[in-house]
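Going in written order, the chains are labelled A, B, C, D, E and F, and every chain counts its residues from 1.
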């Protein structure tokens, strides 16, 4: 089958924080376009992987960026010895064969990328391949999901209202401390007490957000720290390497973070 | 027939709000270029689909954007094994074979895209394919229709006066409450009472427009909420997912919208 | 003959407003480059079509825009199976075979487009095809004509002095009321009284120019209104669709224009 | 011979205004790079044509503009059936075969265009074709001449000091009244009295320079007016068409120019 | 083996300044993405070469810059006689065959370059080749390392938070004086006393940082000075050529640096 | 031999002004990257030509500019009948076969151009050809030399600190009056007295630098004046043509320069 390599072969670990699974299932039953909102590293990508596995759908992921063209999504002509040959892009593959297409960091995309998804998100459910004069009707299983980090948006870089209004939305945040400690312990292979200490560092860093720090430590950073500890690095050195140094170059903020680390171990 | 895939095979549901059908028919009888004005998600695309079906014309739709080139509209040379071969773009297809060509979000297009339609909108009714040195005379059934959202325009991004003056215009708004409830009930498959409650949420959101909210909920959003309800999601959760979360990230506006939802159910 | 498709096969309707025909004939006798100045939709394109028909010359028209390259005008190499083949652009065609070449909205063109015409507008009367190392001497019948709307010019977008000074100029405005009513009656197929009423709406709209309105209604808009009336639309609805709605989205200006319409019918 | 089409087959009319011919001959004897400075339409192009004829050299002219690339000057690979084939650009042709290469409006050129001429203007007298890894030694007869209009220069668009200092310079202005009248009479085919009157209009227009008018009428414009008169147009109408209308759209300046025309006839 | 040319064939000289080797080894054991932070010329590149040698991994280095495209990293189609052939880029080579991939000056890269590494830096450890519709699973030995100079970052040019949080970090500075003198003596082949004098010049220059000097002399500059001395240049002339003249054009700073040189010899 | 056309076949005339020859020889013995600093036309290019001749190395010169791409330096694939063929660029030629590569006006180059030279200027001495996945080890005779005019640098256009610190530097200025007169006499073929007078004009022009004049006359300009005199032009006319007119269009500065000329003859 065409999309075989896009199927997940084992269950991605995901720890729910509310009714997000039921809500997504209702939207998916209707093939309604969905937007996942939340800060970096809080688990949006993991959630959609989990849902694709749970619903038995292939998952085509595209990391959007300002240099991604509509052709990169939709497809292009390649020059072969026997002339030009059309090659479907990842979005067209998903539309044609019935995958969940996940556009990560959608606001980074250029205008042509966001406009190209419009006819897929209303009653038409069709993708016009203008360069081929082909109108691809979406496979009944196709669903479009986009990720969106509200903390990043500026006036110059935000979704247009006419795009936003085409999506239902689910909101994500950092997990509650107990759940996050379970995640860190599970993913890093460290004991629950150490995991709770690492999570405490993360929470203190998030309190510094807006006081100089653009964002607090993500769950991913806490897992990094846990893994270094599991490899035998001292906890304070591990937190410095995985959390403090990547987060900031400001000496005062570093002192504040180092104090937070010291207070937790 | 060349444009067969661009014909609509069943009647698109459309609920008229005034004399727009008669006015469009008069303009179409003269093949006069028409501009559809109105906010996002109020039914402009559905209207033109309905008119194309009603008039028995194929409909070629192009979603304009700032990366769309004149070549994307008009056509280009493809390199085949036997040399370059010309391929008509969607506009040329419509001009040559007699479709309604619908350019959505025309103000997003680049200058070359808007200028290319000028000779099609005056007495000449011709499309010059400069790269082929061909002058395509428009098919007698060809008509050009563009969509335009006045709420979006800024000084840097507006139609040039010399383009505007080539079109007659029809203006669209949100339907009256009773009509909108009929639409939501019909499209989402929920009962009339629930539909009226959902529409009431939409109206309250539109009152917040200009008080922080860029636009109120479109009819499309209300249908999304209705469909989630039809899938068994509680009405307040459905409105939160389909209306509140996509519309804004501002905590105060979210509270106001949540209160509006609470007041309607 | 090469330019056969660029010949006009019947007389384009044109109603003179002064001695412009005689002046153009004198300039044409000398093959002097001519610039047509005037607001949008006042008849510049129709005039040059009329003159081309009257003088028996083919007419090659190019709508300039900021994405039009010199190659689009001059020509390019196409890749054929037997290698690259040169294809003359529209300007080169006109230069080589003796047409009037009409560059519409010349100020929209990029720098390379305006510079490419310089050697055609002095004693050299030659077009250098740098990519072919060919110097095309202009056919004795070749003449260059450009259109220019002084109302649009800004500091950043104007003809360079060294370009301007290469052209003699003719100035166009809206026709006098009586002549304009004749034109509207002739083109829309309505009676003279109705035509005069429609023209009166146009004149009132032009008085609003500079008081919020960027431009008043062009003759083209008045013809649109006349045609809708001829199709059975009520005059006030026709004027609203063809004149008021396309001209402005400002509520006050719309009221003023609606009052003007009401006063004329 | 390769450059045959670049040879002038009859003497271009040129009326000297000082010792510019002798100075250019001295510079040419040394193949020294020369810059011709002066306002638009004052005869720089005619002068270099005259000198090329007088010295018996072919003349390769390139009108520079901000879209002209170094490849346009130097050459490029063309794709032929048997693979890519190098084609010399106009500059390379002149360098290889010994022409005068005249770069008109040099300040319009992009940085790569101006830098490419550096090794041709010092002791090296060589043109590196980087794309071919070829170093073309200049033919002994090659000379580089550029034109430069000081009135246009702004801070953002001027020759770099390291380019300027590679050229000796000759300065041009409008000819004295008597000489200019001779030129107008000769070129337009009108009598000496009419020519003097036309020249008087030109002089008055030049006095308005800096008082709203960017530049006064060039000799070229005066010749245009003379030619229209020779075709039977009344002198005042001819001056209006050839001088007043092209020069300005400002009503006050137009009145001043019209008064100047009235005073001269 | 594919990556043979990327293996280091002898031990690169590296003088540790702390526990950076042990910390990197722990991160490498987990294939955790690592960011090396520090000023220019302090030894980041040498460190990663040393670690690649020590761990027995091939090292693929890419110097990022604002013109580097995602295709330059990931690969592209080349046109061969038998049609287009895919060629892996350096990042894909490293991912497929198990090298350490070192992206130098990552903040210079364009958005598409930084986004392309995201799926390689989380649980997915996969590189999507969108143009081939291939998802390359990373070789178990693959590790991603980036270099980052915090002194350069500005608001417009910094890593996005969602990128930063994917890396653990190690921080580098100039070595302590004794270590640096050992390095200079070893690399330049001069005696320890001379090396100490050269290092003293470097330290004085670093004290001028922020007082007009953007950065002080790097260890690399000190080695340059040492080598010129080893070639017989007088120490003061060597320091002037290798340190003072490259660092600044400001006369006062030059005097200060010259005085520093004078004080050390 | 591959680089034969890049060898100088006779000694370029160069008049030393200090110990620059010995210093360059010491740097060359170590193949240390060298930066030549100084104003336009003072002899940097002549110096490197002289050194290449003296050291018996081929010299590959590239005039950098903001449109020069890394591919122009490094090489590219050409499409031949039998498919794509790699062609080394000038830098790769020099690296592979052991030339001095001289990058003139390096600050004009784009970011990718400057970054591409980094691995050539540290211990690696290697040039990665990313598009070929080839790592070219530098020939033992390869040396990189760049030219840099400190007077031109602005904040937006300067070498990055991480580039600057890779080069030792030599500084050039205008020669002392006696030496410069020898140069002018030798190069222009005029007697020593006339040469001294011409040099006196140059010195006076340099005193005007910063008082309206961007730069004073270069030695090259003085040689131009000398050559015109040798061709029989009167000294004052020669100085006007070769020095005054090219340097400035400002009437006051022209008067000052004319007075300087008058005072010297």
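In the analysis below, contacts are C-beta pairs under 8 Å (C-beta built on N, C-alpha and C of every residue); 3 or more make two chains touch, one makes a residue touch a chain.
Given the structure is predicted, the values throughout are model-derived calculations rather than measurements.
Novice: Applying the touch definition from the top, give me the chains sitting in contact with each of chain E and chain F.
Specialist: none
Novice: What's the fewest number of moves from chain A to chain D, given that each move must go to a chain touching the current one?
Specialist: 3
Novice: Kindly list the shared contact partners of chain A and chain E, in label order.
Specialist: Joint contacts: the list comes back empty.
Novice: Same or different, please, for the chain A to chain B contact, judged on whether over half of the interface numbers appear on both copies.
Specialist: Mostly different residues form this interface, as fewer than half of the numbers used are common to both chains.
Novice: Centre to centre, using CA atoms, which chain is the farthest one from chain A?
Specialist: So the farthest one, by centre of C-alpha atoms, is D.
Novice: Report, in whole Å, the distance between the mean C-alpha point of chain A and the mean C-alpha point of chain F.
Specialist: 52
Novice: Rounded to the nearest whole Å, what is the centre-to-centre distance of chain B and chain C, using the mean of the C-alpha atoms as each centre?
Specialist: Taking the mean C-alpha position of each chain, the two centres sit 30 Å apart.
Novice: Return the distance between the CA-based centres of chain C and chain D, expressed in whole Å.
Specialist: Measuring from centre to centre gives 30 Å for this pair.
Novice: For chain F, jot down the residues that touch at least 2 other chains.
Specialist: Counting only residues that touch two or more other chains, chain F contributes 79, 81-82.
Novice: What sequence of chains forms the ring when you start at chain D and head for chain F?
Specialist: Ring order, starting at chain D and heading to chain F first: D, F, E, A, B, C.
Novice: Would you tell me which residues of chain C are touching chain D in their complex?
Specialist: Within the complex, chain C contacts chain D at residues 19, 22-23, 26-27, 29-30, 32, 35, 37, 69-70, 77, 79, 81-84, 110-112, 114-116, 118-119, 122-124, 128, 130-131, 133-135, 150, 153, 160-162, 164-171.
Novice: Touching chain E in the complex: which residues of chain A?
Specialist: Listed in rising order, the residues are 5-6, 12, 40-41, 45-46, 61-68, 72, 76, 78-82, 87-90, 93, 104-105, 108, 149, 152, 214-215, 217-218, 220-221, 224, 227-228, 231-233, 237, 241-242, 245-247, 249.
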